[in-house]
Structure formats: structure tokens, C-alpha cells
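Presented below are the structures under discussion, each in the form of C-alpha cells.
You will see subunit A twice below: alongside subunit B first, and alongside subunit C after that.
== the complex of A and B ==
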């Protein structure tokens, strides 16, 4: 599969995850978000940027339980809970937010 | 079951927890064992089991600091061992003899570990319900 952004084509896997994460930029994220029917707000960007940082540090996309805990640690308990994250990304914070962040599908995602 | 827990937590709490040890014996690159083993461990964390990892033989190289894989054209996945703590996998055991034979000690490793003698490692393995080798 492929994704077209500003006239350029980017390769994705069969589920729409970007294959080469170094190609990622905010315009690509916006197109990926549209595909997920997610309206990006500041709170969405906060999670997406957190995930990119996590991937940069650990070279994996975290499982949702781990993401929730890590967000709570960094951004506070009012954001580090499933309810908040599922409100932002109704079809699964790890799955949807990772896709928008240009990361592979989370390891341990069941 | 009682009024305060409503039964739901009771059901989850009554799941049998087994002791799983994942034994890593191979160098990180050259074969897929180390990476696949690490992925299995990360997935196993979702099942609320008592998970530990053991590193023996060339497996100790998986944890060595300063890995550079550019020349091999493969991904350096060693930073992922530092994510294990976030997955609540904190029991990492390394065999002393394997370290010494390779001129290494715990300070050369990416993550805090417990260094055990070969005999102590064997005793620990005996206490496990499941031992899976990679």
C-alpha cells in the first residue's frame, strides 16, 4: 500500500502503517489521522510526540498498558489513564496513535 | 466473592501465575534468536505471569553497552532491553562465568542485572514452572 501526501508517495504496510519512519513529518501525520477519522488537537499531538520520543529511546512501540503508565509518569495521572487515551483515540491509543506517529504496530498488541 | 470487590477483580486475581524463565544463549546479531526472544518476552508481559530472563554464554553480549550495527545493516535493538522495566520485567539474571570468560562485568551492561554463579543459576532454573530457551 501507499500513502500520498503533498504529491509524494510513501510506502505503508497492508494495515496502513508507515514503512520508513524516518520519512515521517506532521503533514504525513495529518493524512494518517484523517484515515483514522481522528481530528488532531493539541492533546492528540502530545500523545503522538510522546510515542515518537518513546520509540526513539527504546526502538519499540509500547503496548497500551505500558504507554498508559509512561504517559501518567510524564504528563500526570489525569492523562495517564485508559479513559483519557481512548477518548482521544477510540480505536485503541497504541494502535491509532502509533500509526499516526509513523511507528510500527506495537509489540505485544493483542 | 464479597460486596467490596464485586467479584470481577476476584476472577482476575484467581488466574494461575506461573514462573516463566526465558534463557538467552546467543549473540544478538547473526541469528534471529535474540530479537525474537525479546519480542516473546515483551508479549508475555501482557499475561500477568512471573517472567524472568537469564543470559548465558554469548547471550550476555545482548546486554552489552555501545552496540553499533550500522556495518551489519541491521537494527540495533539493544535500547529495547531498557524498556523491559516499563513492562514490569525486572528480573534479569546473568551468569558470572559467562561474563568473566568474555572479560565483562555488570558495569558493561545496559541495564541493572543480578549476576549469579553457574550453580545459583541452575538452582533458580529448577524453581521455574517453564523454561524457554532462545
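== the complex of A and C ==
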């Protein structure tokens, strides 16, 4: 499967996750977010950018606790909880935010 | 991944037997695995020309290897006792989700190729050729069974549909048709060490962060040790415990129990997964290969006890199969050098393996850990028996220990507990709706509908007894309910682990 944005083609898997992490850019992120019915604000971008940084270091998305802590530090302690992350990404930060960030879908009993 | 469109069943507090709707779940189908995923597990990447011959051949081998399968194929008298016992039938109304119908998908083929009457008079005995159409039905409906075994409790012959589902999936894999979710995960376990694909450095970073959190919360330096040689206990837990909410709360609970009791313990980066999806696909070699990582870690670390965290099917594999698979417990063959070695290494004074609930229960009985029950007073708790623990294993040294021990722990750590309706708990427990390899987004409709009987029973105790927390001891149940509860109007934080409750109540200052 593939998505085309501004003349550029992005390969995706059956569920719409990008196959090639390095192809990701903000244009495709916006299109993926639209598909998820997520309206990207500055705070959404903070999460997406942190996910990408963490993935770059560890080859996996951060655990929910790691993510909430990092977001708490960046956006204020009152936002460092999974409730706030679910407000940003209603289908779940792990899966929905990963998709928009161009990361592979986390798998397992989650 | 935006929410799929389907009708969410309305809850009444009890579940009616629905009118049949033929083909109601025929469109519900999980993504098949691609060739790369299949080949990584040693399965063919696609359907070969002679697939039918391969499938019948494999079926013959399985019938010879597992006498149970042969008996299950022959014994059914179509009495109908199982028809209304499957949560997927109750939730979808599709008659092919009746256990007997699911079995008959294989039985019709069995009769055609393996019985005298079926070979010569197929129409008289309902025998059918294994066509592509039948194979597609196998894929569809063997991946609409969570292998929870509830139907087997009510079958007068004890026919276990789960075993038939497993055989069906094994035959499908052998001809190149696998499910993406399960088989991709098995590949990750072999490559990286756990279902999540969490590499060692990420695991270490996560554990360090959790230690900081616990110290900040409690003031006590509770550790989450990893790869410590010479520790007494090796804890094998689902990788979701490192990653997800509410799973991580139970991980913190296990750590506090070991800390408070003064037991040295360790996790392993090599064996950082309790789950064993090899069982879900009925493939013995995969199941053994996944389990062998645990033996390797136990031998390398020199531990005396192996303890399993809150994971339903992992406990079934550990309790029922680890003895002959890898030598934890009595049962390693005389020629199994490393199995024998491990048996000598492990301390015979403890059950091997032990469930974390057995460990906590014993410590509570001995008075080695103490609880501040009032800390859980904001919760009114019920307990969801996980299918693989309830019907595929046991705990303690008494019949029904797997039902009693988790409940006794809850009653020791909290003041308010209320069980759900008797026909929906203990050995009659309803599956969460996401077990057996079905916990995937592409099956969300099935997961929501299959959860209906459990949600109905839950609604009853919520409405009539003010229950606000459903405790469970399975990573799949926790993940499934977190997703499904909101569809039924409940808050996702209403589900959590038994050791999450322990974590809230345990006194860390009692014995230092």
C-alpha cells in the first residue's frame, strides 16, 4: 500500500503505518493525523518529536511511563499523565502517536 | 485506525442467547502474515500448488501425535450443550462461532479423508473436500476463537475446541497461511527477546525510570534488578508489564513484594517475555523455542526459583508444559542434558515454576509481608478469572487454588470485594474477548462483541454493588479491557492487576 502527498510516495503496511522510517516528514505526518482524525497542535508535535527522538536512540517507542514523564517535563507536570496523552491521541498514545510519528506499530499484549 | 464502524451490543447486566444470524461475522478477518513473517518461522511464504496434499498430510500427523484430537474428531454427538457457551457466538450471533460448528469445520474434512464412510459416502456423513473455500473458512473462524476452553467445561465428552483451533492454525501455517499479529510477534521474540520488540538498552532505561518513580512515590529504594547472577528468583513476566498502563503497576507490585520480603530477584534481558504465542498457533517447535530462552537465562544466572508474573497463557505453558519442554518441574527426559541440569539447580523446596500470586499468598500466610488495607478503600473490587489460568492450570496445593489464591490476596489487601455472577467466574469464566492471538486492532469488532458477556456481568456488579475496579492476572485481559471498556461506557482505568492492588497496600517500612 502507498500514500501520495505532494507528488511524493510513501509505502505503508496494511494498517497505514509507514514502512520506511526515514521517509517521514511533517507533510506525511499531517496526512496520517488527518486519517486518525487528530488535529495536530503544538503539544501533539511535542509528543511526536519525542517519540522519534526516543526511537532513534532505542529502536522502540518509549514505554507509557517514560513518555508521560518526558512530556511532564516539557509541557508541565499537570500534563505528565496518560489521561492527558489520551486526550491528545484518543485511540491510545502508543499506537496512534507512533503512526503519526512514522514509527512501526508496537505489538504484543498492549 | 480510526474507530471501525460496527454496532456495540447494548448491556443489560446479563447476556441473552441471540437469534442466529448466518454469516454475521464472516467479514471479520485478521490480516494474514506476509511471506517474510511466515518464512522467518520456517513456514512456507505462500500457498503452494500441492497445498491440499500438505494439509491432509499434516492433519494425519497431528491425529497420530495428539490422541486427543482424534478423540475430539470422533466423539461429538451434536448434543448442543456447547452451542450457547462461546462469548464470540453470544456477541456476534454467527452460528459458525458455536463451538460445535467451529469443530465441524475440521470434522467435515477429517471425515472425508480419514473415515471409511466419508471416503465412500461423503454426503451421507457430512464429509467435505478440503477446498480453498473451506480453507478460508478455517482461517476466518479459527482466528475467531480465543482458545479459552469455556465450551469444553460444558461438553459431556470434554471436547476441547481450543485444541482443534490450535490444530487448524498449525495446518494453515504449514500450507503458508498465517496470521500477521501472532506470527510477527513470534519473530520478534526470536530476534529481540520479547513480544514488544523491546531491546535490552530500552528495557534498562525503562526500569531505571521506574525505580526513580517508586522512590519518589514511597521514599524507599525498591529495585528492579536485571541480569543479576546468583539472585534467588528469576521473574519471567510479559513484556507489556514494562511498557503499558495498567500493566506496569503490577510490575511495581512484584518488586515491592520481593523488596518487603527481602528476597533477591532478577529479571532477564534474554528472557524478557513470559508470553508464548507458540501455543496459540499450536506449534510445538515454536512453543519450545520460545520457552528455551527461559532455561538459558535460568542456567546462566544460576537462580534457585523461577516465578511467573501476571500473564494468563504464559502460566498455562509454564504450569502445564515447562516440565517436559525445558525441565522446570519434574519431567525432563533422560537425554535432555540441560533440562536435567536445570532440575538439579532449582530449589525443590519451592514449587517450580511458581506464580507470583503463589509467592505473595505464601508470604502473606507467613506474615512476612504486611498490608495497609485501608489504602485500597477507594476501590470496590471484583475479580475476572483469566481463561488460561482458570481452565488450563492451577495454583497452590489445593483443588481450585487458581480461583482461591488471587481472591484471598485481594481480600488481604483491600476491604471491599464483590464477585460477579457465579456462572461467569471460576471455571465458567468468560474470556476477556482478546485472548489466543486475537488482541489486534484489525479484530476490534470481534473483540468488542466477544467481550459482551463479561461486560454484562461487570455492569451488574457496577450497578448493584458499586464496583469500580476489575482486577485480573493477565496482560492480554488488561490490554483488552483497557480498549474495550470505553466502548461500553466504562472508564479504562477500571481495570488493573492484582499486584497493582498489592502495590497500593503493601507496607515497605514494616521490616527493614
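Going forward, the second predicted complex is superposed on the first by the 97 of 110 C-alpha atoms of A that agree within 3 Å, B and C clash if a C-alpha of one lies under 4 Å from a C-alpha of the other, contacts with A are read in each partner's own complex, and residues count from 1 in each chain.
Everything that follows uses one rule, which is that a contact is a pair of C-beta atoms (placed from the backbone, for glycine too) under 8 Å apart; a residue touches a chain by one contact, two chains touch by 3 or more.
The shown structure was predicted, so the numbers you read here are calculated from the model rather than taken from an experiment.
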Which superposed partner A:96 touches (first subunit B, second subunit C, both, neither): second
Partner chain(s) touched by A:58 [first = subunit B, second = subunit C, both, neither]: both
Which superposed partner A:66 touches (first subunit B, second subunit C, both, neither): both
Which partner, subunit B or subunit C, touches more subunit A residues: C
First (subunit B), second (subunit C), both or neither touched by A:37: second
Intersection of the subunit A residues that touch subunit B with those that touch subunit C: 58-60, 62-63, 65-66, 69, 107-108, 110
Contacting residues of subunit A [partner subunit C, same complex]: 14-16, 35-37, 58-60, 62-66, 69, 82, 86, 91-92, 94-96, 99, 106-110
Residue numbers on subunit C that touch subunit A, as the complex places them: 1-3, 31, 180-181, 184-185, 188, 194-199, 201-202, 205-206, 209-210, 213, 238-240, 242-245, 247-248, 275, 311, 439, 441-442, 475-476, 478-479, 483, 492
Residues of subunit A defined as touching subunit B within the complex: 57-60, 62-63, 65-66, 69-70, 107-108, 110
Touch list for subunit B against partner subunit A, complex: 39, 42-43, 45-46, 75-77, 79-80, 82-83, 86-87
